[in-house]
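Here the structure comes first, spelled out in structure tokens, and everything after it is commentary.
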Amino acid sequence: MPSKGKIEVDIVRCKGCELCILACPQDVLALSDTFSASGYYPAYMKNPENCTGCALCAIACPDVAITVWKEERKGDLING
Amino acid sequence: MPSKGKIEVDIVRCKGCELCILACPQDVLALSDTFSASGYYPAYMKNPENCTGCALCAIACPDVAITVWKEERKGDLING
Amino acid sequence: MYQGIIIAGFGGQGVVSMGILLAYAGMVDGKYVTFFPAYGAEMRGGTANCSVIISTDEIAAPVVGQPDSVVVMNEPSFSKFEPMLKPGGRLFINSSLVSSRSKRDDIEVIEIPVNKIAEEIGTLKIANMVMAGALIKHTGAIASEAVVKSLPKVYKRAKPEILKLNEVAVKRGAEY
Amino acid sequence: MYQGIIIAGFGGQGVVSMGILLAYAGMVDGKYVTFFPAYGAEMRGGTANCSVIISTDEIAAPVVGQPDSVVVMNEPSFSKFEPMLKPGGRLFINSSLVSSRSKRDDIEVIEIPVNKIAEEIGTLKIANMVMAGALIKHTGAIASEAVVKSLPKVYKRAKPEILKLNEVAVKRGAEY
Amino acid sequence: MAEKTLMKGNEALAEGAVRAGCRFFAGYPITPQNEVPEYMSWRLPQEGGFFIQAESEVAAINMLFGAASTGIRVMTSSSSPGISLKQEGISYCAGADLPIFYANVVRGGPGLGNIAPAQSDYFQATRGGGHGDYRVFVMAPNSVSEMANFPKRCYDVAFKYRVPSMILADGILGQMMEPVEFDFEPVDPSSFPEPDWAIGGDASGRERRVVKSYDLRPGRLEEWNKERAKRFERIEAEEVDWDGEGLDDCELLITSYGSCSRISKSAVKMAREDGLPVGLLRPITLYPFPKKAYQDLAKRVKNILVVEMSLGQFIEDVQLSVLGKVPIHFHGRPAGGIPTAEEIYDIVRKIMGK
Amino acid sequence: MAEKTLMKGNEALAEGAVRAGCRFFAGYPITPQNEVPEYMSWRLPQEGGFFIQAESEVAAINMLFGAASTGIRVMTSSSSPGISLKQEGISYCAGADLPIFYANVVRGGPGLGNIAPAQSDYFQATRGGGHGDYRVFVMAPNSVSEMANFPKRCYDVAFKYRVPSMILADGILGQMMEPVEFDFEPVDPSSFPEPDWAIGGDASGRERRVVKSYDLRPGRLEEWNKERAKRFERIEAEEVDWDGEGLDDCELLITSYGSCSRISKSAVKMAREDGLPVGLLRPITLYPFPKKAYQDLAKRVKNILVVEMSLGQFIEDVQLSVLGKVPIHFHGRPAGGIPTAEEIYDIVRKIMGK
Amino acid sequence: MKIVFEKTNGLTEVPMRYCPGCGHGVAHRLVAEVMEELGVTKRTVAVVPVGCSVFMDEYVNCDGIQGAHGRGPAIATGIKRSKPETVVISYQGDGDLASIGMAETIHSASRSENITIIFINNAIYGMTGGQMAPTTILGMRTTTSPAGRRAEINGFPIPMCELLSSLEGASYLARAALDKPAHIIRAKKYIKKAFETQIKGKGFSMVELLSPCPTDWGMTPKDAVERIRQEMIPRYPLGVFRDWEAEEKAKKEEKAAV
Amino acid sequence: MKIVFEKTNGLTEVPMRYCPGCGHGVAHRLVAEVMEELGVTKRTVAVVPVGCSVFMDEYVNCDGIQGAHGRGPAIATGIKRSKPETVVISYQGDGDLASIGMAETIHSASRSENITIIFINNAIYGMTGGQMAPTTILGMRTTTSPAGRRAEINGFPIPMCELLSSLEGASYLARAALDKPAHIIRAKKYIKKAFETQIKGKGFSMVELLSPCPTDWGMTPKDAVERIRQEMIPRYPLGVFRDWEAEEKAKKEEKAAV
């Protein structure tokens, strides 16, 4: 059974590059259709229920915009 | 039978470095004991009869001071 | 007549080519013109801006300190350039993307949903031309025929149908 | 008193250390002194020379244009420096190696077979010191005790017996 | 002449050089002059010329040294830090009497500084820059048209006197677009006779030649330098250029060069509109410096105001020309600060007590 | 102080720097300054310092940039072409406010030139040299003792104002031996407090620091440059040095610096022996230039004769000081030509009509 | 739930000014995480290049120094030899490291300077607007090779890890890519090993990172990472090129075998 | 009797100013003989370095150009690209080529500039009086490594042929020694091949020559050539490192085999 996770995108940092979307194996993410103060369309959890907290999105993110939470279990990857 | 040869040292160019002496397989050469106009002791043929005209001395000479003659025979080395 | 214009937006919004078109058209119209882009590191992060001056007299510096007109094609440009506008100047806002509204009462604000209009005409790419049309109309700095004449000179490799679309865009913009 | 000296010879003849010794001794003797070597590409091809000035007054430039004394330790140096000597100047010739003879009648020529003398004393290496002795004697520019006192300062790493030999060499030179 | 076209200063500079016969360009990217190599990368091959992006500015100037030695018209360009790196190579070109042409599109310094327009490389440009006694023929355009037309004059002088030549511009002139008119027809360099000092190619019909900047024989380098100095004297006598505005009756003389001179011109206009007798002297050649023009004016004007985008470099040449005859005032903006016509006019009024 | 020793100028320079606290040297061979790196290669390790032969002059100056940023006393040296290559790096040091010390043992130029003593890098030394508005504190020794003692003053000024400092010498001063006396006790750099801008080491007790020369924010680099200009104004006010001879009553003033000033001094002596009122003004700091000393003398003397081993660089600073108040005559020998006292005295007599 | 990924303290709070999808951000993060994990942030100096990453000093939480284009290794040498307890990294682009700075790169490696180079190979000059870099692959269009890079005119792309491997002093050399999480995780391991190489005093280390530059490649970030996979990795194979530890081990084994 | 060896017309009549036993003389002669034998003297330009051989332009009978220290390959590039019919050789010492000029060397090789470099590796800075060179072998005393070269401080000697071999553009690379006639004869063959590489338009060629510097090594000429045998050749093995012809052949055979 996949673990449960959740992410948060810092919309000040996010530039809507979509690399997190590309990286997520669970199709959790999408770009928002309203733009941020800096004029970008930030990523958000389109399918939050699918998130396993694997952090691949955060590892791919060039702007360190993503924080990842996960159900506590042993032996998980921390900071790639 | 080794061929017959002869060399001539240009004493304006020769600086007495002795590399020709080192190179000559026939012990033909030695340094003169009177110095040249530029103050060097130039090489000369101490044992002219031994010279085979192999040109090894000339090939070794850094100052292109040596001209080599040889009895004409086919297939000999010219200018290294 | 002297018009100092700043045009600002995202990298892909055609801000620079809009500026060049205006300068070219000004030249065709017999005016003195200069065009001056932001360059180098200022370009990083995807924003772009440029200054255009159109004048009946020789132009000193191409740098526009206090613009007569400001064009903001996106949100970040609004906050950066709206304050610089000269009292009595004109602020052209791409209302399709900019939600901020100016609080100044000493300027004229022209809001045009250029993205929307451009999409109606056929392609988002000509949003800048819609804006150009509006700017020419309101400032009166350049004869609009000069703009139409300049289009094929500035977009040298564009196909006729694209040029046509651009022309339409300029005209639609001029209706605002 | 002002003595401008040029010393010239092959690389290995101790031309430079002779110059330094004279300058050092001059300093010990309370004179103004400068030493100036030929340097760089001039050194290629195995010749060396240097200029020493010993003076009771401050010295302008260490470069000696018209020397009061010239020391030639080998043949090529003769042809190069003999003509530069000031009228009335002294030419010190290492007659062991130099066969040319000066044709000038406005100079004093001192010929010393320094190589021969040095070999007699024990080593060719001190031929330069023999020459130094002769030079001091003839020019009177430096007290000879100053030279002896300077030897251990200039040859800091030399063994006492070598210093002794140097001393002997200087004295022998002074006999010429 | 062709119809007016709208060009970027950097592109006009490149096109101007090509039309003046440039057939070799070596450069290295640096803002705000990137359009020069970029333009050359496609434009030179069209004319059978060669463009190369060198591994560094140092390599670029030395590629120029090599290419120039074959007798052709060559060019490099850069901006402040890159020009500093080229100083050794420029000195070698001067020392070997090679006619090269280069441009410095100056930015704010020192160090990395910024990329804003500046005029703080004036000393370096006008006093040789590298080691040794030599000068470079320096032109200071103030419009995109001049960016286009000055390379030709630089080449002509460089080849006539066998000296390096350069254009000193800045980020404004490099980046702005303006209508351009060329004042000369494109030249065909293949019609030039090969200089009698050029190396390479087939030397069968002539003595071998050597291009070099050294002479270790005592006194020979001194002679050579004196002969070169004579050429510079001739340049000073024959190649000075400047223009002005309102010089006939001005009491206060503003002087500035390059893009700054346009701003000064606006200030002059403001003053004249207010009836103040203000004029502008604008050196077009910075080396040779139009000393005489200043000296003549110094007999008449009451004040001189030097305006430059630097903390005070150009002003020294003005001082050296005027030699205390007239009070000199100074307004300098360093490191990318661009003076405005209003701020200049304010100073003008203060000086004139109005 | 220690007894007199006989030292070569280059070695005195190196030893002087070590005694003044230098603990890092990066250099590259070039005649006529090779004894400096050679000396440092064994001397610095004795004091726990570090010597490195860099791969080039460019690398050397950038190693200095790094080493200086840690707050220690650093040095490089070179001769003309090598100093040209360092100009970018020197400009970076100036831009990042790093106190460095370097020496140029000038040789004949331009280009490869020759290795004879020369003074033709004066412009480069005194006007910053690299790109941007900055200056370098420049001292011009004229004896081996001064070669030994000036590095300390260079470091003191460099650290006080956070500017680059240098010694401008030549092949005579570098290569000659003369008795040397040190006028200061060796300093122990480990007793210096760490500057509050130094990076590296353990930063636990402090905020992180950044050393840099750029500021891309509009207007900020201009502010920074103006602040730096203030420091240079203070240097001009506080650090000028010069000396002279026969200044009280001279009618003709000879002026020259460095090794050339010794020769001039001989000429002065000759003149005085003949009863001619001739004096010598010799700038010890070239930047800041002893303008006031000239201005004071200009009120009194009838003629000035500038003597330099160059085609005319130093003379500009004299002209800028005197501003036409007194006629200035010139005797320059470029590219390794060394004037003699006799030749100077001849000119003196001609000027004085004797 | 527990945080499993958050911004490291090795980075400051300042949002990075790079273009969307730029690899510099990832590289900065990896360096910062390694500094923190090894506990050396307070004694690290980042030598910052001229290039898009000229802003790096605002983002990493250690001391910084920004110097002349291409001279990072020389600057790093000056710092390291003056304060050997400092961990010195030189962060450089491909124009910086492989073009103008080639001599400094090679010589610092050959001297086995005890420094760490983080080499961002994005096959282009980013900051100046997309000119050809020494690492630009053949055929690639840039603003100074508008018809695509051609070997006869522009020369061949230079593989830096391979070039440096022949130098005795190059203690640790590795190449990774920043195109996808698996490669990024590997990149971080390499960077950590490089830092450790320096901390243990083992000499010169360099990690080359194939990195996307969507803006100057004229691509979306997605297409840019795809280009790394399709075009760059085949030309610049990933992996470890020199490893002092493996070499020491091999030597020991060899000895043992004798 | 017939003359079997005499001074080639590729050399002028001017006696060379090098020290007794210096390898530059031999190298000049080989270059000059090759020029003559290939009949290209009249269309050759020798790019002369800063170094003892700065006088080369007086000795070789072709056009010459003397430029800045280390920049020979850049100068050669400028000439070759301007007048491609010219045969351009860049003659360089080890300080010149491997220290200050490292970037120019590598980039000209990587561009496969159609030029020929004659690289005199005498492990020292000759002209400036015996300072350490990048090629100085470990332990060797020089005026700037007075206690002998140590890797930790001065770095490792750089083997240029090996370093350049990893570059695709390096078409012909070979190393010979000038210590004895057999090696000198081999050196000439390499030089000839290098010239031919250029004449056929095959790109970059370089011949490295291990060469004695008796003066700055502080040795007699005899001892100096002995040092080449004892100390240099073991560190710098002789032979051909890259050969476009062999590589073309191998490729063809490979194809044929498929």
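Side notes on the structure shown:
To keep things simple, chains are lettered A, B, C, D, E, F, G and H as they appear, and every chain counts its residues starting from 1.
By our rule, a contact is a pair of C-beta atoms (placed from the backbone, for glycine too) under 8 Å apart; a residue touches a chain by one contact, two chains touch by 3 or more.
The structure displayed is predicted, hence computed values, not measured ones.
Any chain bridging subunit B and subunit G, meaning touching each of them, is among H; the list is complete. Of the two chain pairs examined here, F-H and F-G, the one linked by more C-beta pairs in contact is F-G.
With centres set at the average Cα position, the gap from subunit B to subunit D is 37 Å. One finds 61 Å separating the Cα centroids of subunit C and subunit H. Centre-to-centre separation between subunit D and subunit H, using Cα means, comes to 41 Å. Counting partners per residue, subunit D has 40-41, 46 as the residues that reach two or more other chains. Counting only residues that touch two or more partner chains, subunit F has 31, 52, 55-56, 58, 81, 88, 92, 96, 111-112, 115, 212-214, 216.
Looking at subunit H, one finds that residues 18-20, 54, 66, 68, 99-100, 102-103, 107, 127-129, 134, 154 touch two or more other chains. The part of subunit E that touches subunit G in the complex is made up of residues 28-31, 34, 37-38, 41-42, 51-53, 55-57, 81, 111-112.
Per the touch definition, subunit B reaches subunit D in the complex via residues 15, 35, 37-39. Note for the complex: subunit G touches subunit F at residues 42-43, 45, 47-48, 54, 57, 61-68, 71, 74-83, 85-86, 88, 103-104, 107.
If you check the complex, the residues on subunit D that touch subunit F are 20, 23-24, 27, 33-37, 39-41, 58-63, 65. By the touch criterion given at the top, residues 23-24, 26, 50, 52, 54-56, 58-60, 62-70, 72, 74, 88-89, 92, 96, 199-204, 208-214 of subunit F touch subunit G in their complex.
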